[in-house]
Every structure is written in structure tokens, then in C-alpha cells.
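I'd like to ask you about the structure that follows.
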Amino acid sequence: MNGHRLFTALDLAGTFAFAISGAVAARDRGLDWFGVVAIAFAVACGGGVVRDVCIGAVPPVGLTDWRYLAAALAASLLTISAHAMVVRISHPVIIFDSIGLALFAVTGAQKTMILGHDAEAAVLLGVVTAVGGGVVRDVLLNRVPIILRREIYASAALVGAAIEVAGERLGWLSIGRTWVAVASCFALRCLALRYKWSLPRFSGGDDSP
Amino acid sequence: MNGHRLFTALDLAGTFAFAISGAVAARDRGLDWFGVVAIAFAVACGGGVVRDVCIGAVPPVGLTDWRYLAAALAASLLTISAHAMVVRISHPVIIFDSIGLALFAVTGAQKTMILGHDAEAAVLLGVVTAVGGGVVRDVLLNRVPIILRREIYASAALVGAAIEVAGERLGWLSIGRTWVAVASCFALRCLALRYKWSLPRFSGGDDSP
Amino acid sequence: MNGHRLFTALDLAGTFAFAISGAVAARDRGLDWFGVVAIAFAVACGGGVVRDVCIGAVPPVGLTDWRYLAAALAASLLTISAHAMVVRISHPVIIFDSIGLALFAVTGAQKTMILGHDAEAAVLLGVVTAVGGGVVRDVLLNRVPIILRREIYASAALVGAAIEVAGERLGWLSIGRTWVAVASCFALRCLALRYKWSLPRFSGGDDSP
């Protein structure tokens, strides 16, 4: 498997993991099957749609590339028909979710730079690509987005996107900086999960979902 | 009345019914008059704005065609000044809402194809046009969008948009396929209301609004 | 200080006040520091991003002008490190917030007209620029947007944007009408705060946030 194919395979695995997170949350909330598919699809392509609208790449790739819809359908089918199995594979799903986070952050930043936009927009839209779908999911399910409340998640995406953009500005080779950026984001996210790192908070706050 | 005029009249009636659904929900939630008008307007043009932004048709028609704003103002005025009457006409409003759903789904898919985008985007954006306003309403009123929770509503829009797009690909005559698509969506929605059809759900879930 | 510099200084003060409102609300809700910065940034540039996407001015200025991000970072730092002080300056912050409201409404309408769009879009997008960030803040914090529930806030923005657009159509001099529009919106908002004006509501409604 060469680098490009590996990249595509990882991207699909990440998209599928994102869709699973949406389908499981929608099912737990008691939505019907249309709602489950809709939320799964929103997580899989929501961040990319917002990015593409912001950089003028219309129609957004999430609405024209059938693989996002296929990932949402497959994740919904699996979640509905084999819920016990989905619970059992929750550990690999978290790993794939972290891969998706890293790839989406870096490729989101890349696409923004390729269209000629500046470094700040590239970093911000890298983060939006990676976490936007999860934010849409939580807004539709009527809860404060989990990424704003705890854990190193969006901040790991920020590190990945920033390394990619800084590397491009410093003239690093494309293939090298991409893998360094993806690996950094992925490693940071996994370490945070393993050691339960989280960012500080500043008040009693309301912890309910 | 010729076909085109009938189409425009139905479109206006549907838009008005959408605005009524927003104004009533906002009033019940205790919003002030600005909030009532804002929610009514959001339901009337929200789906179309998202569609137009996604296909690059800016500024969105909802912001430039005064009839959407007029429908929102009329619906708000009626809901505020004659609430008892609005409750009494709830049955015709549901019929107009179903007409709006069918027309928005089919015309949303049409507009996407006219701008040269592919079939998947056309079907998806047809559904977004039809149900987007209702989703925005529910997100602003802080509840899980009702279309994700029960009833055949978004799925009827999906059927209408899919028939329109499939008909175009199969070379059906434009006027014929449009009416078939609109009628199918409308009939499915009415049958679902009449016989209380809904899509299956998969867990105990949280049923509160 | 000449007119243009005064304008820029007021714009920055308004952006900063918007960011403070986001940082304080996010801190009170118990978000971590990433969440605090994200909400502060969303309030500072959210309305402008929606406006720019709707008029095709991509990438939105909020993502490319570093001053929005700087305002969000400064406001977050201040809110986290010196919360007691932020509470003490809440009165000046309300004044700056009203300045931001007035400037965002008027400049939002201006930018829409400069890009050649019509009067209705200009007024609507002026209001969206002014209040959009606050709506995004409240949606992300899972509550009904406060501007839809009480007080003269969005309606003051509407007055400012409408005066600017009407003045342009009537051929008033640019500099004169801008200051009249800004001053009208600001004065209306301050009078509403001082005398606790609010728009009428129409039902018992749910008052909880």
C-alpha cells in the first residue's frame, strides 16, 4: 500500500468513526432512523461543509462525494442492527475517531492554503473541519458541545493544523510535514485519553449534558 | 389560472404556512415580537438560505425576495393579534405546510441541478430546502429538531426530491416530473398524518421536547 | 484623532466588548479554556462570518483579520485571570457592547451595499452582523438566544441598519449618514437599558435560560 492509498484508507476509517459517534448519540437520544442517519451524516461531513462554504469551494465536497453518505449509512445500519457489537468495538472506534480528527485538521488546513487563503484562516478552518461535525451533532441533540467542555480534543486539532501551516510557511516538504502534523495531533489526543488530561476550567459550572 | 400561476400561489401558501409554524412556536415560548418575527422568517427562508450558500447563489433569495419577509410579518401579525383564529385554522395550516414541504423539496432540487451540480447534491439540498427552516426554528428554540424525532416529514421530502432528480436523469418532461414529485411528497406526508405513520426508533430515548 | 481612526478605535472596543460577553458566559457555564476562547471568538466574529458567507465575500474577514482573534484572546485572558475585575467593569462593557452593536449593524449594511446587493439584504445582514455572534453564543451554550426574548437589542440594530440604507438611497453624504445611523442605534439601546424598555410578549412562556 503506497502513501496515498494509506492516506485514503485512513481518511475513510476516520469518517466512518465520526459517523459512528453521531449514530450512537442519535440512537441514545431516541431519534428515528432518519434522525440517526442525518446526525451520522452531519458528523461525517459537517465540518468540511462549513470549511468549504467559508473558502468558496461550492458545492461542499460533503454533499457531492458519495463516500460521506455511504459512511453515514453504514454507521447507522451497524448502530441500529448491531448495537451490542458497536459497544464492543468502542475502543477501536475511539482510535479511528482520533485518526479522523488528525486527518481532518491537517487536510482542512491544506485545502484552505491550496485555495490561496492566509495562515490564520488555514489554522482556524483546519480546526473547524476536524471538530465542526461534532459541534453540529451536539447542537442538534440540544447539548453544549462536548469539545468546549472537556478533554484535549479541539486543542489537539489546533496543534495538528498549526504544525501543517507552519511547516508550509517554513518550506518543509509537503509529504513530510503532513505526516508530522497528523502524527502529532493523533499522539496528543491518544496521550490525553490515556492519561485523562484535560484543560483547566474556571468555575463551578453546569456539568449536565 | 395557468400552471405557473398555480405554482406561485402554492409556493406562497406553503411559505406562509412555514412562517405560521415559526410564529406559533415562538409565541408559545414567550418570545417578544421581534423574536416571533425572527423565528417566522427563519422558518420561511432558512432552508433556502442554506441551500443557496451551499450552491454559491449569493446573496440567498430569502434575503432579497421581499415575499419571504412579507409572509413572516403577516404570519406574526396574525399569530399575535388573532391567536384563537390561528388555532382554529390549524388544520388548513397543516395542509399548506405539507404543500410547502413538497414544493420546497422539489424546487430546491431543481435549482441545484440548474446550477450544474450533481444528483447527490440535488437530492440532499432539496431535503435541506424543505426542512432546514424547521431545524433552525427548533435549534433557536432550544429543542431537538422535531423532524429528527418522529413522523414521516423529512423522509417525504427525500422522496419528492429523489423523484425530481431521477426524472431529470431519465429524461422525463420537466413539467410532468415536477408535478409527480410534488404530488408524491404531498400524498406521502398526508397519508402519514392521516394514519399516524412514523419511522421506527431504537431505544427508550428522551421524549421531552 | 481623525474620524477614521476614531471609527477604528470604536470598532475594536466594540469587538472586545462582544468577546467579553462570550468569555464571561462561557466561564459561567463551566467550559474549559479552549471553550472560553472559542465562544469569545464566536461572538466577536460570528455575525460577520455569516454576513460574508451570504454575500460571497470569502474567506470571511473574521477568519483572516487577526484583530478578532486577538480580541477574543485578550477578553478570555482577562475573564479567566481577573474575573473580579471584569465584574467590576461590567458597566463600561455594556457601553462598549452598545457601541459594537451600533457599528456592526451599520458597517454590515454598508458592506452588503458596497458589494452591490439590494436594500432588503443590506438591512437584514446589518442586523445579522450585529446580533449573529450573540445568537451563536447562546445556541452553543444551549439556551434560547437572549435577543429573541427580551430588551431592545436586535430592534436597535434594525433601526441603525435601516437608517444607513435609507440614507444611502436618499443620497445623503456617506460620512454623515453613518454617524447618524450609529448614534441612533446607540442612543436607542442606551435609552432602553436606562429605562428598562422592552418589546411586548404574548404568552406566559418559559422564562428559564
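In order of appearance the chains are A, B and C, and numbering begins at 1 in each one.
We take it that a contact is a pair of C-beta atoms (placed from the backbone, for glycine too) under 8 Å apart; a residue touches a chain by one contact, two chains touch by 3 or more.
Listed by chain with UniProt protein names: A, B, C = Glycine transporter domain-containing protein.
The shown structure was predicted, so the numbers you read here are calculated from the model rather than taken from an experiment.
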Inset, instruction - For the sequence-identical pair chain A and chain B, determine the rotation angle of the Cα superposition and round it to the nearest 5 degrees. - result: 120
Legend entry - Classification of the chain A:chain C interface as same or different, half of numbers criterion: different
Inset, instruction - Just give me the whole-number Å value for how far the CA centre of chain A lies from that of chain C. - result: 30
Inset, instruction - Could you list which residues of chain C touch at least two other chains? - result: 53, 56, 139, 142
Inset, instruction - Mind listing the chain B positions that touch chain C in their complex? - result: 26-36, 38-39, 49, 53, 56, 58-60, 63-64, 66, 69, 80, 83, 139-142
Legend entry - Touching residues (chain side chain C, partner chain B) in the complex: 53-56, 112, 117-118, 120-121, 124-125, 135, 139, 142-145, 147-150, 154-155, 158, 198-207
